[in-house]
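First the structure, in the form of structure tokens, and then the observations on it.
Going in written order, the chains are labelled A, B, C and D, and every chain counts its residues from 1.
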């Protein structure tokens, strides 16, 4: 019998992609979904691409309404709405994957960047869900804090070099380009078609809250004090993040050597694909899929290296990685239900 | 043991999507692929999204090189290249699904619109592969002529009304809007990004070769002499065709009645989804999938009806329908391996 | 000394393009602009592309605040907000170009499609502003009702054929494809980037309020009782409308003859460009400009003709035509300040 | 009487935008244009947006055919084709603006990055045409080497900080995002709509030939030995380059102080607009225009600054700057004919 999942916040792009991916999953099914703006409607009226797949009625956001038989709860709620709900769920013994930002940072860092935390006592119980780096902890966690989209692309691109001490940990620049779905499905002039289309712009330069997430996770994972300068950009496409990462090498090394290092580091990671030398991945190569493709280039002129890391922000950057984590938590192979190829073009 | 497939012409968008979909298929695998421009390369160098999935070496187009164990051959070759190859394959007893235009028309109509046919004796042995209309013939066919993308959207939208005699069969207008992948992956200035982006244009007005395909198939299926005025347009997106079809009703009927008619007509067709009254489908609702969504509206002011039919041109309009046909030919359920939801956004 | 213009509703796309075009105009300058959501801000904070051009402070919508020296007032207000303001302006003796829908229809038709009119007594004083058809009336008008974007493309495409009696006036189909700026700058999920991008859809099929506008204007102009079946579609681009118009010819005529007819009809109209036979215009050919390019094709198979008409919806479909009308009203050449070429790509 | 211009290579995007902009120019007209692929055709058949503006017949590329009365020649030829033609033109005493790369670098640097130069003796006579930095030299030059698009955005963004010694000159990272028109109008699979759309990718990482152009020009201008790490990216839009520039500050300074510095540095430069603190420019703010908008942000966490510089690659990055240079060469105000606002959206 299939495991049962609930999705709180099912009508946004993250919730929607959770549904899409769980419909493909052979061992888990969605039996409960909420969407405060659409209570009482069928999910397929709100997301017409689901016609014929799922006629689930959307419920209000109320933990009491979640059926007891639910094995795993995904929370894909607007910022600030997660913490309280997650606390209730954990209190009832549910296993939870939170796709919000409330449990990704240490308490101290959270306070610096966000302010007071609604339930600080829960923070230490959350496991950060970059699957490739924290498999054991994730498989045993009751609460997984699913990573942000930008941090996923940056952390996967940087972990091998930092772990093996190849680069200066305080001279890292992450320049990321994101499609618009990363900003969610809510209404803001900035995401109106004509404001985004045929343009590119940076935002929250040096101030984006994903900065401490990248720093803290890499610092903890590598035992260093990592600092990054992070600049996100919005570009006119639906899905995809490309992060161009600039690092200072500690000693001379070739592109080929670094590529070999990455291949070894990720040898057991199905979803990380290291591309050949002189080839650079496009977000189009991973669209709709859980892959992270990485290209590496050493610039001999100045002893720096450039790492290019691409993901689909809604999949590896959100819902796909959440399901990868769910697989570990429920005892499945981490790639179960996620092995379909990208959709190109 | 899985059935074996060969794809002749694997590096274009149609061939590529055949590979993508067969990689998901539980009972069929691709063991042979050709691409004349890329002989000797790995398919995943030519189509990088396939990294890690398939390392098949691309072969030259030579029927002798196709392994004997191949159960089904897909030909996705440029216009005019199919016929000779298909003849050879049929001669060797292979079952073939031809995604080109060579076997879709009667000999006479072919001559009118294309000129001399390279192997007219084979035409009568080909079954036209709109799955929903010709299931029995397809399941028994040795050679299936897979429909064109525009005809698929038009024929599925018109069949119920013509079959039941609701409309004038010689006053039909089909106004279609297509994404650029329908034009293939070859190099032409017209498909350069900057020539297509931020613009829309009509082409081959009243002269497109899909016109006789729509007319002939519907005429045969419905026992009528159908005539359509067909205008294709190119719009700035990758995938998708929306056909807006204008018809003259023979007598007064409501939108609700027509919708009921469509629902009944397609009751056993998983891939045809009839949308509710006053809702119109977007190509975004079917992207990456084999669905055809249809909306219907009666215009009481003038006794006409408008039918809106959307497909993904590369899937239901080409490779997906080819696999649907393959399923029937190989004795599988027609939806096997094709049941994943669309990718939205 | 330059003439003075006021723009009521300056922060939307129509108001914005009025400003852009008036900044180029050699004889008129904007000295007053309103935007209720942004009162007190500089226009260039709300529309950053105007940095360095115009530092006008945005005012509230109050007719009393408009300086006396203003020669012409453009109202680019949300539906329903125009009528009252226009009434006040006309009462004060101002010349007004209303870019809304309130004064485009006869009273009776307005009631059928919109409901009660707020100031019916003014309707008969408004001149409909398709410049090419009503130059004399426009030049003498106090109040011009600037045409809708879809009607502009349809009326210009149909006028020659109807005026000279070449086609059946009650068998006309207008299938229009519009960029997103036509929907305005207000916030609706339907215009969120990810909802529009990579998709095409029809809306308000057979029910769009531009239908009676097309019918009534053409009927009046040609002395006929014209009926059209009109279907608008939204496509993923910023600017542009392409209307594909299907008509029934009364007698046999060639494409070349029709093209000659169009050339003669529009011989004195700088902004109408008739393209050669077998060529069809793209919206990209008119982007940013006041041109309407028209292509014509006779389909001999069934005695119909297809007319393709393209405009930039914000220019010839709104602000450009408004300035063309203003030129006539102020005694300038109608093309003054509008003669820059389109922007391609 | 208007000055006369010739454009060699008129059918590409750069040549096309030269024509567009010169049609607006009040004092210069195009009387001669070449396009080897389209000899004998009218320019408006090759670039239909020009219908009604210019019916110039396209000539073969032959210096002898250029009318004597031509005052200024623009060469917009494929790489490697310029040098020989420019040599002939200079020999005949013509004033030339070369939009290619042949005369932008010193002989030595050219050899390192390109190989042998076809006419090295001419290099020292060429003036590099970043207008804002080299006005005097440009106004007196016979031959201007018009800057590359990426270097324009990078050099304008870096010049004030380097000139005044605020930053480390050998720790500069330039991460640029370009629309597709920058790659030209020639046929390559990489620029097919479906290969570019819905994706972003880096290319020529650390190897792009615009790298030495940025370094050499800034080194010469500032009397330093500047080194940059440059990574270009292709994003799915027609026009625009955004360069995100990361620099190491020599001492602590605020964003406001740097913004003031930029405002002063560019006080006399109409086309450079410095945006307010905490605001970052989008390429959409400059589309179709000759502006370069610059935003600056000091990151106090690590003593770095981020400069965001946006241009329209075809205008300030090519044809617009060429006309700005032409204005100086012909004794006009540098902004003559270039003062129209950007086109938004």
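The criterion applied here is as follows: a residue touches a chain if its C-beta (ideal position, glycine included) is under 8 Å from a C-beta of that chain, and two chains touch if they have at least 3 such contacts.
These numbers come from a predicted model, not from an experiment.
Farthest from chain A in terms of Cα centroid separation is C.
When the interfaces C-D and B-D are ranked by how many C-beta pairs touch across them, C-D comes first.
For the pair chain A and chain D, the distance between C-alpha centroids works out to 38 Å. Chain B and chain D have Cα centroids separated by 45 Å.
Each chain gets a centre from the mean of its Cα atoms; for chain C and chain D, those two points are 36 Å apart. Among the residues of chain C, those in touch with two or more other chains are 13, 181, 194-195, 197-198, 236-239, 281-282, 284-285, 287, 345. Against chain B, the residues of chain A that register as touching in their complex are 13, 16, 19-20, 23-24, 47-53, 181, 198, 238-239, 270, 273, 275, 279, 281-282, 284-289, 291, 293, 340-345. Those residues of chain C lying in contact with chain B across their complex are 170, 173, 175, 177, 179, 194-195, 197-203, 205-206, 227, 229, 231, 233, 235-240, 242, 244, 246, 280-285, 287, 295, 297, 299, 301-302, 304, 306, 308, 310, 345.
Across the interface of their complex, chain B is touched by residues 13, 180-181, 185, 187-189, 191-198, 236-238 of chain D.
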